[in-house]
Structures are given as structure tokens and as C-alpha cells.
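Labels run A, B, C and D following the written order; every chain starts at residue 1.
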């Protein structure tokens, strides 16, 4: 321990000071070279198609925008595991840190540390409104997603009947807020629809399948199932398919295109509400660069040829990718994730 | 002894008498009764419970836990434990899924591959435990972490998409069932019965009990303790491979990194609910299968009754406490009857 | 002389851990100066990483207490206790407006009560500890989610608590040293001292090691075996209650899955305790070993995040933990045969 | 001349620093009973473990019927027909008697264990040993220790034995059970089996064995036909010198009894036990294993429930419900089984002594470590415990010294009543002497000492009075100097009304 502790403490030199070990740090990534900005993104969980697609979008942006894109996710969807990674990014003196927090409140303190270290802090995918983040890169508004899901469910079910929701993490903030919107919208627009149950399967596909099956059994007259996240969306569709109830029980969900493709094609899933996740990754990286370069956002931004007009709401400091995308069997093959 | 002492022909009356303790333990009767009671209650309270649409998936989801439980029962009977089955399931699962997608391997090849790979992983555990002279829980905590790493490396941060329906035979659709029972569960029962016969009637099986009862005495009785220990972990690994196949078969066409997570505790729970003594020397696979059924019935029941799904674990905990508590109580009264002080 | 050093290294877990710790620090520092790390592996970073070491070390100490108590002692429910006690804290401090001190006391009491249930089952009903705590693990985990309908409590009171875990400068000598997370002083060091005093300096400690070494002999020596074992589980629960307060503060919210999300906190805590030289068979274990093991794993993990970019970083942490654990355990097995036991 | 059944030449075996066997030789003839005798720790068990393939020798050679024999495992030895009953029963508590007997060499038919065939053979064996048939299907857990020992013997008999090794089979058997065993042994030798018989009950030897090998300090002193030696000569060969006669009788103080047991009973174990112990008196409570003598000590110490009678301390009835309660009343006890009931193996001497005296060594729950150390040092001096420091773990100590540590735990407070159960079991002659000296010293200082033992020579040697326990009751009382033969006869229930002091020469080893 003596060896590291003997090095002088650098607590008061937030970047720019050019201490010996900071130099060592930068040589670690020779590719970074000249003035390339380091934009780091911490997803909720690694290895799931959704965030890996965001990573792909971020990488594409890195090439196009000339930035260094860093991506590192925890092995479990856990706030504690995320903060460790955030801390290592602070140590790497990235220019912008973007987080999709598992628990927004939990993330707030360490984000404040990052800001204090001179790092620009953003959130993407899931907001941490109480934190010091300067901007939230939103895939679609909470209202948009909740309404989209409800509308699709209503269309599939014929606007009446019983339905249930298979959610994932019990404490996932964004899922819970979407569910709140779904309840509200259904009550207003579709009085014939009745939400009978919300269950939580964690990030486990098989558990989602089993729970969806149990729900269908508990409510034989159930005609709709919502898979609230990317692991439960194929799970509920599979349950319907296995039970031989295609056409009787309709499912919609937030599923990634590749995982939903077989179900959309055989009809066990009617639609998936999502957005272009790769574009979201690209937008996230772009927003990171803007922040790192201290460039403000315009009300409408030309991000790339695919995203010529991204709206920015100054009141909520939210950059909005656009309206949610409805993925059906007709367009599912356009996506490669 | 036969050389020196003339042996009487065992009289038929004596042979007919109970030679072994009863084939079904008290714990298993209790579990069976509780299960039946639960099923009856659930059938009345949630009408759909007794339909095939309900119990077919239930049996299909019991199969992986129960089949791993068979191996885990053997491991625990020898006085060991394996907390790395979740990690092993991840590694075998992702490898098999990749082979299905990339190589388009056939059903038998996929199954053999999964089981062989699982057996190799189990073998490593077994060798480390038997020859490293380290408590099984420590070694398998270690290998659990290593396997998590290996599994994730193979996943390479992606899910495995577009898994073909090669494995449908095990639980999906009409040709995945016989007499309405998913083949994965049928196979689990077959394996459980074979294991039951092995544990009860074959020399090797009895030796496992002896090893769990007193490893030193087992060695003195000429039992090759280390070899059996290695064997039980290897067999457990093999069954983990099979469980991974079942899981893929009953899952969606994508496989993600959640495969296997939390399975070690689920399997251990099924084994201990089934009456196998965690200290070794006593236990039966029949109880384990019943234990697995009980756990799944409880969690399905909670969802079907419309109670908050988060409550199901509470009842699982309660089930463990009651099942093991009943077992303890029975042992204690038996001890009192025979006038022994603990 | 050299032989003696080797022998100490092989037979004394503390020496081995200290050597490994130095190895990790030197190696990482070399990697850093060679430019192989993406960020500086310096004292500031190591000190900031201690934020995670605090709950880990406290829970590992809780496991030490129950594992040392013997007869298969272990507590799988410790993470679930953190979750459930954390909700109690959230309610008391965040919702009911209790004072911080009162809320902390209540939370620790709640943790102790949950631990007492384990103690009752294990010591008095004579459940195997693995089974009793597996059962309560499921039950507590479930209750924590049910009582708030799965929602975290992050009312402002709780959110502002983060201040008790932020980094501070050590007074007087602190200017040239890195700031250290306050939790190290407010939670970790007091717990370490208390557990060390309890195990090494009190009659409870003597009784604890006695029952862990030989249950029967302890009974014949006139010790209250059951009460001692019961107390050890209660104590572990109380520590978990304290950890619940810390985690609520560190993450500025009382989460119902604080100790159970992902792999949970129990398995890592047991792993660290075992790595720290606590014998799973009971009767052997030292506070210093557990503290060293925590530091080793914390700083190794922190280094790995800088050494591997992308998802590999967190994956290699799993590998490192597994390999270190197996290595240390096997080494112990070897030395036990060669030198007739290690301590 | 025919080859010997078994021939061991120049066998040596080390355990770390302990030389358990040194250049031992042993020749066993076919169809004979060959006794091996020696003090505790002489190496008897180790030697037979080598023959049984359970341990490997470091040097030396073995031959079986003239041909060299190499054993890598117990299985190898069994293949030669070498069957062993170890000193500690090697049984599996959760398996049935029948299974235990055949474990490791099950009879099989088409791969399956042939339960019927095994069962038939087991019934024969049980009958042979005089055990009820219904035991065959009972888990061993439900049997008494003596019955378990008989199951071990049955287990060895079930193998096709050419050499049967019995390591102290009689230590925990009753006389009638021993008779049955002898009958079995004779039938076996008649059919050509060689039996190696280890025992501390020297009086048995002339009745059963043909030759005797004496071991001392890991060496084989020699082998003699049993007819050529008297028991006294055997003992002298064992200890390696002339026997000194036992210590002179002490004069007990004349006062009221400090401890009195009045018609004490524990259902199923003993009843009508009447014993009085005065301050300064050493009373021996002698009984064979299984006579209930061990349980009497447990009741007095609160480890077992009493079901009748009274325990009086200074004339007042007491009801100790736990060792803790007994200790508070001033009753200390040295447990019989040092390893299981007394030792905290890998803890230090200071820990082992201190842990039984926590209230004296602490204040408000805080250990007074200085006092703990000084008490330990004091005890090490007082009991002459051989150790470099008080921090040595007791697992690293010899049997005798470990026993002294366990004893020391009970002596810190100079208890008014001290109960010693088998105080010198598994202890060397030298250490035995010292422990006896310590006991006498304690009595001289005014402690009332009750020695519960199944070692007759010990009882005769240190007691001021001896009560013999037969079938769970105090049957006879002897004054010091009683003859071994008379006491033994009383213990066997032959002469219940023996209250006399014979001066016949008794062997006191």
C-alpha cells in the first residue's frame, strides 16, 4: 500500500493539471490521440440486445463524429454495480458521462461527484431528474410509450376485455412510470379494457413465460398481455404460442426487433413498441459530444441524415429521439439487432 | 463368512418381510399430501388450475430444477454441495444455443453436447473438491464465479437469436408431449426413477450414503471415496447440461444471459424440502422431485390467485421452513422413541 | 529465514492476503505507469473505491460471526435482511419523520430481530443454518418488496443522507492524503473495532469460538451453547441493519432490493469471509483476515475496471474473484497437509 | 513347516514427528489367536491399520502365507481375506445394520444389491452374536454403542476372513457379550482363521489367545506363548520395568458427606445408586462399560435428567439441570471422552483453560487477558503440563498433556466437588501417575472427589473406597487394597455382598 499512497494526492487538480499519472492514463488509449473527446455511457445491464444496440449506435457515432466512445455495463441490473463503473470513468477523466440509471436516486450522488470532477453529466434511456445531469436523452416520452403500448393493446384486443402486464424489475423506475401512463390512458380512452394484474419476472425470460402462462390460467377470459421490457416481451409471446392461444390472447410489448421477429411473424405478438435503438445510441453519443464541447442544443437539431430534426425541450432539458416506433411483422426485418 | 459358517437358506417369510426401510420416506408422504392438498385447493379457488394449459407449463418449468435436483441430491447425500449449477447452466446453455443456431446441429447432437460439456464442468468441480481437500461450498463458490465469466465471454455481450425449433421435442407443442405430459418432465421422471433405483438398490448408490455418513469409515470399508465424489459432481454437471437443454426448449427463440441465474438456490431449496439432510448420509430423489413441484406450485399458485407476485418467495421460504421443520420434528420423536439422547 | 517466510506465507492466511494485496497494488501501479490502464490507479481512486468496501466488509464480518459459531453456521439471508431493514429505515426516517438517530436505532433493532429469527431456528429449533437462512432469505426478500409495493423510498430526508457517506479529508494529517469516504469512519471502522473487541476481548468471543470449535465440549464446560449461537445470528442481523442504513445513505434511497438485486449481497459476503480465512467448519476466523480480503477484492476490482474496457471489465471481476478464492482455498488445503494446519 | 499366515518385518511408521511404530515384527500363525498388548499409544492400532491397508508403512515388508504382500487400500487387504474391526466403530448411522455389514462388498445380482441374500446371511450373523433378528433392518443410529460394536464384528465376519483383526472389541462389551464373542473366535480358529486380538483386559488373554506380542513405545518387545507368561509379567513387559505397588491408603477426614447420592435413578440406565463422598475423600465408582456408571456422572453434572432419588450437596437436595447449573453449585467434572467432550482442539491452552472459567477471568463481559494468561501459566506449573508456552493449541499436544489441560479447566476454582470420568483413559503411564498424584493432592486440600472409571486398577489404586456398579445399581463397596479378583467378581454380579478386604495379590498396572 505504501507505494500508491506515497504518490502525492491529486484531489485538488481536476483535469488539466497534467500530473504524472494522468499522463499515464492518456497514453493508455493512444487512439484517443489529439483532441478526441471521451464520451462514456453506462447502461443498466450489459449483454441485452437493447443496450448493445445502443452501443452499436454509439460506435457508429464515434466514427462519424470523431469521438472516443466508451461503454461498460454491469453484469447485473444493479445500482451498486453501476456506481463502481461510474467511478472508474471519473477516474479515466472522460469528458462526458452518460448513464441509464437502474435507480435514479441511487445514481444522483455519484453523478454529482462526476460533475464536481469537471465531467459533463447526462442521462439517457432512463432519467434521473433529481440529479445534476444537464440533459436527458429521451427515446420517447413516457406518455408516448405508455400511450403507444395501450393503443396497440387496444387495437389487438378490440378495445375490450381483460389484460395483464408482465413487468421486469420490481423497482425499475421507467417501467413503473410507463405502467402508470398505461393505466391512465386505458381508463380514459378504453373503458372496456380491464387491467387484471401486474406481475414482475425480473430480467428472466423463462420466468416471464411461466408467469404469463399462470396469468392466462388464472383468467381464462384474458385476451391481452403486455411484455413491459425486452426480456418479458418475447416471454409473453412465447407463453401464448406454447399455450396454443394465438389469436385468442394478444400480446404487445417492448421487444427488440430480432427477438420479436419470430413472434410477430406467427402472430403471437401483435406489435412491439420501440424506437430505433441504434439511433438512440447515436443521439446519445452526439449529445455527449455537444455537452463536452459546451455547445448548447437548439430547439431542433440536425444530428445526422437519419435524425434531421431532433427536438430539444429546454424546460425539461430533454432531447427527444421522436415518437415511438411501432414494430410489426411488416417492418421487423429492417432492424439488425 | 460363508466358508466357515454354514448359511441357512433365507426362508421366504423372512425375505418377504421388509428388508429395507420403506421405499417412500415420511417426508415424501408429507410432501405428497401437501401437494395434493394444494392442488385441490387451487383447483377450487382458481378454476383453470386443473386444466392442461396450467399444469403442462408447470411440469415443463419444474423439469430443469428437478433434473438438476437429482444430481444435487446425490451430491448432498455425499455431504457435499454445488452452488455452481447456475453458472454451469449458463455455459452449457449458451454453447448449445450457439451450436443450434450456427451449426444447425441435430437434437441428439445438441443434447449430447450439452450433457458432455456439463459433465466436464462438473468433473472439474469434483476433482478440485476430491483432491484439493477443500470444502465443496468454497470450491463451487469459486467455480460459480469463473463459470459466470466464461458464460458471459461466450455470450460476447449479445443474445443468441433465432434458436431453431430443434429441441421442440422436449416440451413444446403436441409432439413435445406424451399423454399430455411434456417430454422434459417425462425424461426427468425417468432419470429420477433410475437415480432412485441406483441410490437404493445398487452398490454405488449405497456407497454414496456411506460416504455422506462418515467418509473416513467409508474409506476403511474399501469404498473409493474420491472417485465417487468426482463422479457425483460430474453426473450433476451432466444433468445441468440436460436442464439447460430443457430450458432452451421451453424458452423463447432468444437466449439471454439470465439463463441459470438463481438456479443454485432453487435447486438446493427443492432438495432440502424433499428431506435430504444437508449434512449428508440421508435423502432421496423422490423427495427432491416433490420439492421442486411444491416450489413451482406455490409460485404459480400465488400468481394464479392474483396475489402480488412478489409474495411467492415468501411462501417458498415458508414451505422450506415447514417442510424441514416437520422432518426435524419426526426425527426427534423417533429419537425419543428409541430412547436416545442427542 | 526464507523457509520461515514461505511457511508463514503458506500457513498464515493474513500473511498470504497481505502479500497478495501488495502484489495487486504493485502490479496495478506498474501497469498504470506502463500506460496499460485507462485511468490512474492512484490513491484517490483507491480511496474512493472504499465506498463499496464498507458494506462488503461489514457483511463479511457478520458472516464471520455466524460461520465461526460452527455447526454449519452461515447466513444466506443477510442480503435480504439489508433489504427489509432498509425499508424499515426508509419508513422511519423518510416517511414517519423520525430523527436520524432514532431511525438508525430502529433499523439496527429490526435487523437484529430478523437475525434473531434465524438464531431461533438454528440454535433452538436446531435447523441446519443453510436451510434456516435459505428460508428466511426467500421470506425477507419477498416481504421487503411487498411492504412498499416494490417502490424505493427516496424522500428528501433519505436522499440528503448521502452526506454521511461522502468523502472527507482526514483531519490534521489529511491534506496530503486522499479524501476518504466518511462511511469508513462512521460505519466501517466502528464495526471492525466492535467485532474485533467482541471476538477477541470479551467472554462472548471466547464462548463463540468455543462453540464453533467443539459444540459438545462447550456444553460440558458449562457454556450456554444455544444462547451464544442465537446471539451470533442476532448480531449478524444487527450488522446487516447497520449496513441497510449505510446503503440507503450511499444510494440516497431505501430500495427494497438493496441487498438482493443481482446476485445479492450474501454470497459475496460469504466469499470474502472465506477468503479472509474464516473456516467454513467453524471455530477459526480473524477480523483482520476479513478486512484484508475486502481490501484485496475491492482494489483488485477497481484495477480491473481500469485494465479492461467495455463489458469485459465487469466480467473479469467475476473471474478474478473465483480464481483468488479457489487459489487461496487450495493453498490452504495443501498447507494443511504439509504443515499440519494453518491458522 | 507351513508358512506363517502373516509375517511383518521391520515395520516403521511416522506421523509427522511421532514415531508410532519402530522396527516392529509380527508373525501370525494360521488357526491361532494372537494377542497384541501394550500401553496406550504403544502403537497397537497403528500396526493393525498397516495390516488392514488403512495406513501405509514407511519401511519394512509384509508377507501373506509366504508371498510378499503389498497393500494400497483396505480393499487390497480384504482381497487377502484380512478383515478388521477397528477400535472406534466404523459404522454408518443412517444405514441399516444389514447394509452396514455388507457395505463395500455388497452381494449383487444382475447389478442390483441382493437384499434377500444379504438379509439371510445377516440373520445368521446376528444369531451367532446373540442379537435379535429384528435389528437387521434397523438404522444403526438406533442401537447402543455395545450393539454397534457387535455389528462391527458381524461386519468383519461377513467377509471371507482368513485373518480377523479385533482392536479392543471387549472394551465396551458386557461379560455375556464377551462370552459370545469368544465362542465365535474359537469356531473361527477351528476352521483355520487367524485372529489378531488387541485388548487391555489382560485377564481375558489366557482364556482366549495362544500367543501374545507385547508392544512398548512403538516397538514389538517380543512374542511368547501365553502359557509362558503370567499377567504380572506381561504388565512388566508392557511398562518396561518392575511394578511398584500401589500407593499407601490415605486417611479420609471424618466429617459429614459433601456429596451424597440417595437412591438416584435415571430411567433406562441406573437406579438405586447410593454413594457418599466426604471432603478430602476419593471415592471410586467402578463399573464395566454399559453398567450405567458413565450415566451416573452425567446426572450429577446436569447433562442427563434424573428420574428418581436425590442428590444432596452439603445435605441439601440439588437439581442441576445443566453443566452450568452444576458448576454454579460447585460441582466440576472431567468428561470421559477427552476429544469429543473436553478439548477445543485448535485453540490454545490458555483458551482451553479459560473457557470454563469465564466469570473469574472477566469483568462485565470483558476478558481480563492478563489474568487468563497467568491462570494458564499457573495451571501449567501446577499440573506440570509439558509445553513451551500457553499459546500452543491443544491439538498439537500428546494425549496425557491434553488431558491435563482439560483437567486444569476444572481446577482453577478449586471446586468443592470434583467428578472425574475416566481420568486417565488414553493416557500414558507417566502421565497417569501424575494425574493420580494431582487427584490425591486435590483431595488432601479438601475436595470431595468422585472417580468414575471402568479401569479397575485405577479404581483400586487411587480410591479410598470403591463402589461397584452392576446392572445400574451400586452393588458392593470395597475398602482400598481389595483384590482385583473380588472386585471383578462383584462387577460381574457374582458376589453382591462383598464388603471385605482381601489381601490377595492384585495386579495394579
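By our rule, contacts are C-beta pairs under 8 Å (C-beta built on N, C-alpha and C of every residue); 3 or more make two chains touch, one makes a residue touch a chain.
Just so you know, these numbers come straight off a predicted model, no measurement behind them.
Across B-D and A-C, the chain pair carrying more C-beta contacts is A-C.
With centres taken as mean Cα positions, subunit D sits 45 Å from subunit C. Chain centres here are Cα averages; for subunit A and subunit D they lie 73 Å apart.
Subunit A and subunit C have Cα centroids separated by 32 Å.
Among the residues of subunit C, those in touch with two or more other chains are 145, 150, 263, 310-311, 315, 318.
Those residues of subunit A in touch with two or more other chains are numbered 46-47, 75, 170, 200.
Chain contacts: subunit D has no residue touching two or more partner chains.
Here the chains touching each other pair up as A-B, A-C, B-C, B-D, C-D. Residue ranges on subunit C touching subunit B, taken from their complex, read 72, 76, 121, 125-128, 130-132, 134-143, 145-146, 149-150, 263, 267, 270-271, 274, 280-281, 310-311, 315-316, 318-319, 321-323, 325-326, 329-330, 332-334, 336-337. Residues of subunit B that touch subunit A in their complex: 46-49, 51, 53-54, 57-58, 61, 148, 152, 155, 157-159, 161-162, 172-173, 247, 250-254, 256-259, 261-262, 299-300, 303-306, 309-310.
Of all residues in subunit A, only 1, 3-5, 7-11, 19, 21-22, 24-25, 27-29, 46-47, 70-81, 83-85, 87-93, 103, 105-106, 108-109, 130, 169-171, 176, 200 touch subunit C in the complex they form. The residues of subunit B lying in touch with subunit D in their complex are 1-5, 7-10, 14-15, 17-21, 197, 201-203, 206-207, 209-210, 213-214, 216-224, 277, 281-282, 338-341.
Within the complex formed with subunit C, the subunit B residues making contact are 81, 83, 128, 132-135, 137-139, 141-149, 152-153, 157, 261, 265, 268-269, 272, 277-279, 308, 310-314, 316-318, 320-321, 324-325, 328.
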